[in-house]
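Sending over a structure as structure tokens; questions will come in a sec.
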Amino acid sequence: MNYLTLIMAIPLLGAALIATLPQSKSLLAKQFALGTTLIAAVATIFMTTKFERSNTALQFVESYDWIKAFGIKYAVGVDGIALVLILMTALLTPIVVLAGWNESEGGRWSTKTFYILILVLQTMSFGVFAATDVFLFYVFFEAMLVPVYFLIGGYGSGERSAAAVKFLLYSLFGGLLMLASIIALYVLSGEQGGHTFDIEALSQLEMSSTTQNLLFLGFFIAFAIKAPLFPFHTWLPDAAKSATPGTSVLLLGVLDKVGTFGMIRYCLSIFPEASKTFTPLIITLSVISILYGAFLAIGAKDIKRLIAYTSISHFGFITLGIFAMTTQAQSGATLYMFNHGFSTAALFLVAGWMISRRGSSTIADFGGLQRVTPVMAWSFFIAGMSSLALPGLSSFVSEFLVLVGTFTRYPVAAVIATFGIVLAALYILIPVQRALHGPTEPGNENLKDLNLREKIAIAPVIAVIVVLGFYPSPALNIINPAAAQVVSQMGFTDPLPTHGGK
Amino acid sequence: MSEFISPTLSYSLLSPILVVFAGAIIGVLIEAFASKSIRPIAQVSVSIGTLVLALVQVWRIRSSSSTTAAMGSVIIDGPGLLLQGSILIISIIAVFLIADTENFAAAPAAIPGSSEERESIARGQQVSEVFPLTLFAVAGMLIFPVASDLITLFVALEVLSLPLYLMAGLSRRRRLLSQESALKYFLLGAFSSAFFLFGAAYLYGYSGSISFAGIRDAVVGGTGNDVFLLIGIAFLSIGLLFKVGAVPFHAWTPDVYQGAPTPVTAFMAAATKVAAFGAMLRIYYSVFANAEWSWRPLITGIAIITMVFGSLVAISQRDVKRMLAYSSIAHAGFLLTGVIALNKAGLDASIYYLFAYGIASVGAFAVVTLVRDSAGEVTDLNRWAGLGKRSPWVATSFATFLLAFAGIPLTSGFIGKFSIFSAAYESGATAVVIAGVLSSAIAAFFYIRVIVLMFFSDPLEDATSVLIPSILTRITVLFSVVVTIFLGVFPSPLLDFISNIAIFIR
Amino acid sequence: MLVNNGLVYLIALPLFGSALLLLAGRRADRWGHLFATAMSAMSFVLGAVQFYEMLGRDAENRAVTQKLFTWISVGSFNVDAGLLLDQLSICFVLLITGVGTLIHIYSIAYMDHDKDRRRFFAYLNLFIAAMLLLVMGDSYLNLYVGWEGVGLASYLLIGFWNQKPAYATASKKAFIANRVGDMGLSFAIMIAFATMGTVSFIGVKEAAEGSSQGALTAIGLMLLLAATGKSAQFPLQAWLGDAMAGPTPVSALIHAATMVTAGVYLITRSNFIFDAAPTAQLLVVIVGAITLLFGAIIGTAKDDIKKALAASTMSQIGYMVLATGLGPVGYAFAIMHLLTHGFFKAGMFLGAGSVMHGTGDEVNMRKFGGIRHFMPVTFATFGLGYLAILGVPPFAGFYSKDKIIETAFYSGGIKGILIGSIALFGAALTAFYMTRVMILTFAGTPRYDINNPPHESSFLMLLPMGILAIGSVTSGFLLARGEALVHWLEPLFHAHEGHGPEILPPVVISLMALTVVIIGATFAWFKYGRGPVADTAPTNVSIFTRIARRDLLQDDFNESVFMRPGQALTRLIVKTDDVVVDGTVRGVAAATLGSGAALRTSQTGFVRSYAALIVIGAIALIAAIWAVTL
Amino acid sequence: MNPTNYLYVSALLFTIGAIGVVVRRNAIVVFMCIELMLNAANLSFVTFARMNGNLDGQVVAFFTMVVAACEVVVGLAIIVTIYRSRRSASVDDASLLRR
């Protein structure tokens, strides 16, 4: 059974179906979209159950010639890392659809178009995580930009078109650098036994260290822009501020993971030596991102920008974990990607509801919501606690794994990064105090609390956050073998306990 | 003196060219003798019939290729036939656009706004000489990439150019601009022809032969005076670079693209580029291949300057046709990387790129013809604002072409760019690849800006309407969109086809 | 070790209570408080049963464990969700659930008028659960969960009335200060894992013997940092005073009896680290000594009754921390003081709450006076607590504090004399400020509207106060009798290594302590008891008093050293991000546009200039080709 | 006489033509300059034919003349049309299209 192709096909079929609907049936379009994403979610969960956890080889593999002249294949397959990200995407999309039920209505175009874009984006997200052919990956990587671009520019708010353009150009620029590297890989593979884009085959290529370093940078910068890592992050706050909350969830929760996922899948496996060469630099950038993003978040006045900045900080942790090269950090980074998807989703969705009710995204315009809209306030609070990695919530597990895993190899980086947890408390509690606590500011007295649909949307997110906090094993069991495989392929073993030199 | 040998022309192999010439002559006769009422429909059907027939001929002789014809003046080989096929397909859809005679002056010779002109409009007297002119140009283009001696090459160049000079001046609206563009195109074209011819003379002087084979032998043998060779290469290159619009020989491009009637621009932009690059590929790949030490660095430099310049200047354009013109300059730069590559992959990639770009170009200009107000086409980009709202399909089609120009995956432009850059990289031209990638990023800037304008901006007050497209225009746009996307998603058939037959014979 | 699968219910019951009350929302308003109290009480009963069973076993077999499931397992990093109940944790379990239940009962009445009472009880239950997890977790990471959990509960409870901006700020301040400490705990766990490969208590204990001094010292210092955060020790003490923003039962439960003692628990639990790391241990003593004076000095200047008590708490925990720093001999006394303090300080806080309840939420002691006439029961219970904290025999504090002073003196050499003296001086200060509180509140003449006198609180409030007062009287004797607690805890620590030379006989030290207490109390009586007290704080006071009133400038320090530079840094980074980082991006875009516009001017429109361009191009081409082939 | 000299003459003529195109304003004159350049090329062809000892160059010259004649037709048509519209044969006046 070709699960991966199937789950990629489901949203595409749904999109086609929605395209046939008349323009006026916007409710039907929504229902179709929800149904499609739910079916995709169920299919993905079913696929997850079929996944052999202990098997570190790629699974659900399929491969067909696509462009034979260039050795390009439609080749898909997943390991534990890709699987959890696909699962995350599959779970988040129906939630986004349900949570943002009325999001499409302020847009330039019809509701129908909105959901077609969302579904196409979902297919591409699946594809980008599932691809095992570099070219196929690149195609998804770039093509994904188009629906997101239209989602931001067409349905966002404020300076939406400027933000969309900034996002697109930034990403395209990175993508083109990656393209240059891909071209070089293509040529190299041609010189060494036939053109191919198969990751396995590419990882066997022999390259001079200069070549490897340059090609690595091509990939890495593209991923660092996507992730986003300091100093390539400035597109994110603008995009997140302008996009609809649902789009922001997909943007930060799913799309940006492509960057960190790409680092694991492509940077590490194809350029192991260059990865080691650049590790000190990347670790430095990660640590800077953690603190820098946190400070920006503390200074943010707009709630959506704030969430975007927190993500910059979180992506710093993820990158740190990836390049620390210990099993703990590697597993932690992947789990972090998964968890971050949900905690950011919770933050953005609730923030979106707050903003749509209040008509403003400025934090100072809120106040005392806990008394007016307790359920909404609580949801935001729990999401915030997850974002600051409170023990007992899912992010803690991943953040701590990254830190402890990094510490065994790079103690200084881990120590500096740990300061991020204090800053995290600040950047979450400041908006909590301003928006949820204090006296009820004028303009907030009559806000409505979450309705049933919104409660249904947010509940599973919070459930995931809480359950994985106490019991992360289901996710870790999938991730661990793959993460360990990555570390061992890079030729690393976990540092042994030193007993402090004794 | 040897005995006179009766020339063998291999009519079969020349049939596509001959068919087009015949069609052109029939067109002239129709223009002269047919009654006004049937003239338009007759011209259109003759043109299209001729081109289709020629295309069929090309297909028919595809397997008997790789030989010379007309006493070695013409080489019919894989690349030549592919390019001829491309030119014919592009011409057919371009003729669909030209068939919308609304764009053309009723009496081009008349003074704009004169009583003669009013009279001819009032009587519905539409001169349709544009069709035979097009066919003559096509014939020239068909010969240009297969020519294998200097005379044929020069004559083909003039045969394709002269009709175009005239066609540029045929616009119904903004006559002054149109005539100015014709004048500029003509003067500069003739000027560059002189360079071309001068270069040809020195190549002849170098090798003692006007046939490509002779020149190549001389280059390989290294017997002649290198100074002659270098002057020859330089001046011949100027002529060719002028035709493809490479910097610094590009200056005519924006003015002519803007001034000429849009269907003519479409035809010229797409088909001329195929023909000119076709000739260029043949000359550099087979004739000058062994002298690559002399020209490759130069072409590399020109390629880099061209793509960067085209991309940079396109950003600040406010007129859609000028923007497309600069975009075509940038693409000329990209295509030059295929010339530099100087390997089989480069050849295949260039042919693929030319075809894909040509189709997308015609499509893009076809869309331009549709956006009008009461005074004719609206090419001011500001007034394209909000097009996506009013005419989503037109805007989406245009966006597709722009994405293809930008080289976004799943469009033909991406495959083209990938293949041509990888070929160049393979040949060691890393610098040009990096410049190409960077200018692609710049280029993306203005393509996206147009998309933003169409989809994300609110329309200005004065409503720009979109003409309900004629069936032929609709076919053109639809065909272009389908081909652009199909070649982006399933490029294999075409790539394999090209790869199998695109081998220059020497 | 014995396995007991029932341990989890101790935590699960209050956790369930909390979750139910929060999720049920307003529907649970009518019965929520009763349910939460029941959960807490049942947890206490379970704890008592565990204690009883424990008593029935040998000293070696008293500890019981329970493994719930594998929590985090990656590579060699394996942490189970496991619980450990031993002699040390059972003390805490009983204190937490016992005092906790009493405070639940008290709160039923105290929070009667608050429409959010259900939420308050949910938080209380959440706190109980988290605190139990803190003391029952079998590894540092499990402890960490409880550790931050109580921080969260504390945050929620301090900010319970967060509609007042100052209260919301106080709760945030507490959380942040705690987080700084938590960072220390993170570091400790990381170092432990990196050097020992394990984070469980048992594992670390075993590995500690083979570990280097450096690693142990590092872990110890980081644990101390954690302890200073949670236990409001110097230098992370500043949050505790502000935390009095929370409802008074919270102050009693969290900020007097239980949570703030978590640092003491942590150090005691990590005895195997500190015993092997003398540097860290010394620093523990120093921190304890500084804090006990620090708190006591602040206590002397506070007019807010709760803040005075909070300062006192800080000071008393300073005693405990100091004791833990004295090594094996000190742990048991630290825990003993912790337990007795739990009784008398909770009792006094509840008393203060009772007074506030009776006076319409007045906290300024200068507006009190002579309340003993109106609230006799409150006076009595508070008074018993007063005697206990002063260390008057035979009240509880006498047994525990005396032992700490004694041990401090016996810790050897100059150090012993120094810290002994500090502890002694602290006792004097304690007597001064507590007497001041007593006099200002209960004695003297009323300084409020006599026509609207305070009224005594309801039975539900008086009952817990009474029970705690009984504890204040008896707990010391019970714990110290036959060194009961010392023997009870003995298996956990390196058995009696004894202490340094007894430089003075214990009796002398006790007498000295009693003497300074009397001096302190007398001094207070002279200052406040003899004449009328101004109902506003006098302003013409010495600089020292003013500094003490400003909490020894702790906030000023934090503000000028951390907060303002932090804000400046934040502004700087925000600005940098906009101007430099994003500015570069925008600059590149602008430069691209600009160069496009500049190049555009080359297109002059004149055909002759185009021709000239071609000629120039031709010349350049010839020149280049000539250059290339040269 | 050394045929190389003819090459110099041809180059000179070509240069004069090119300079003429750049400096002269009248469209007809510009066009004549271009014709001069074409004929310079023709001269080169003929010279090379002489140097190389074959007739190919001369043949080319004939072709060129025919082509040049065609160019004249087309060119004059364009110039005349624009003159009728503008009443000016100055190439500098035709500069509406720019930037």
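The first chain written gets the first letter, and so on, giving A, B, C and D; residue counts start at 1 in each chain.
What we mean here is this: a residue touches a chain if its C-beta (ideal position, glycine included) is under 8 Å from a C-beta of that chain, and two chains touch if they have at least 3 such contacts.
The structure displayed is predicted, hence computed values, not measured ones.
**Student:** Among all chains, whose Cα centre is located farthest from the one for subunit A?
**Tutor:** With centres defined by C-alpha atoms, farthest from subunit A sits D.
**Student:** So which one's got more C-beta contacts, B-D or C-D?
**Tutor:** B-D
**Student:** Can you work out the whole-Å distance between the CA centroids of subunit B and subunit D?
**Tutor:** The computed centroid separation for subunit B versus subunit D comes out at 25 Å.
**Student:** Cα centroid separation between subunit C and subunit D, in whole Å?
**Tutor:** That gives a centre separation of 96 Å.
**Student:** Could you work out how far the Cα centre of subunit A sits from that of subunit C, in whole Å?
**Tutor:** Distance between chain centres: 37 Å.
**Student:** Quick check: how many Å separate the C-alpha centres of subunit A and subunit D?
**Tutor:** The computed centroid separation for subunit A versus subunit D comes out at 65 Å.
**Student:** In subunit B, what residues contact two or more other chains?
**Tutor:** Counting only residues that touch two or more other chains, subunit B contributes 183-184, 187, 191, 195, 254-255, 445.
**Student:** Indicate the residues of subunit C shared as contacts by at least two other chains.
**Tutor:** 589, 600, 603, 605, 607, 611, 618
**Student:** What are the residue numbers in subunit D that touch two or more other chains?
**Tutor:** 18, 21, 30, 91, 94-98
**Student:** Can you work out from the touch definition every pair of chains that touches here?
**Tutor:** A-B, A-C, B-C, B-D, C-D
**Student:** Using the touch rule from the top, collect the residues of subunit C that touch subunit D in their complex.
**Tutor:** Within the complex, subunit C contacts subunit D at residues 600-601, 603-608, 611-612, 615, 618.
**Student:** Spell out the part of subunit D that touches subunit B in their complex, as residue ranges.
**Tutor:** 7, 10, 14, 17-18, 21, 27, 30-31, 34, 37-38, 40-42, 44-45, 47-49, 51-54, 56-57, 59-60, 63-64, 67, 70-71, 74-75, 77-79, 81-82, 84-86, 91, 94-98
**Student:** Sort out for me which residues of subunit D touch subunit C in the complex.
**Tutor:** Of all residues in subunit D, those touching subunit C are 18, 21-25, 30, 91-92, 94-99.
**Student:** Give the list of subunit A residues in touch with subunit B in this complex.
**Tutor:** Going by the criterion above, the answer is residues 65-70, 108-109, 138-140, 142-143, 145-146, 150, 153-154, 160-161, 164-165, 168-169, 172-173, 176-177, 179-180, 182-184, 186-187, 190.
**Student:** Can you name the residues of subunit B that touch subunit D in the complex?
**Tutor:** Subunit B reaches subunit D through residues 108-109, 111-112, 150-151, 154-155, 158, 162, 165-166, 169, 175-177, 179-184, 186-187, 190-191, 193-195, 197-198, 200-202, 204-205, 208-210, 254-255, 258-259.
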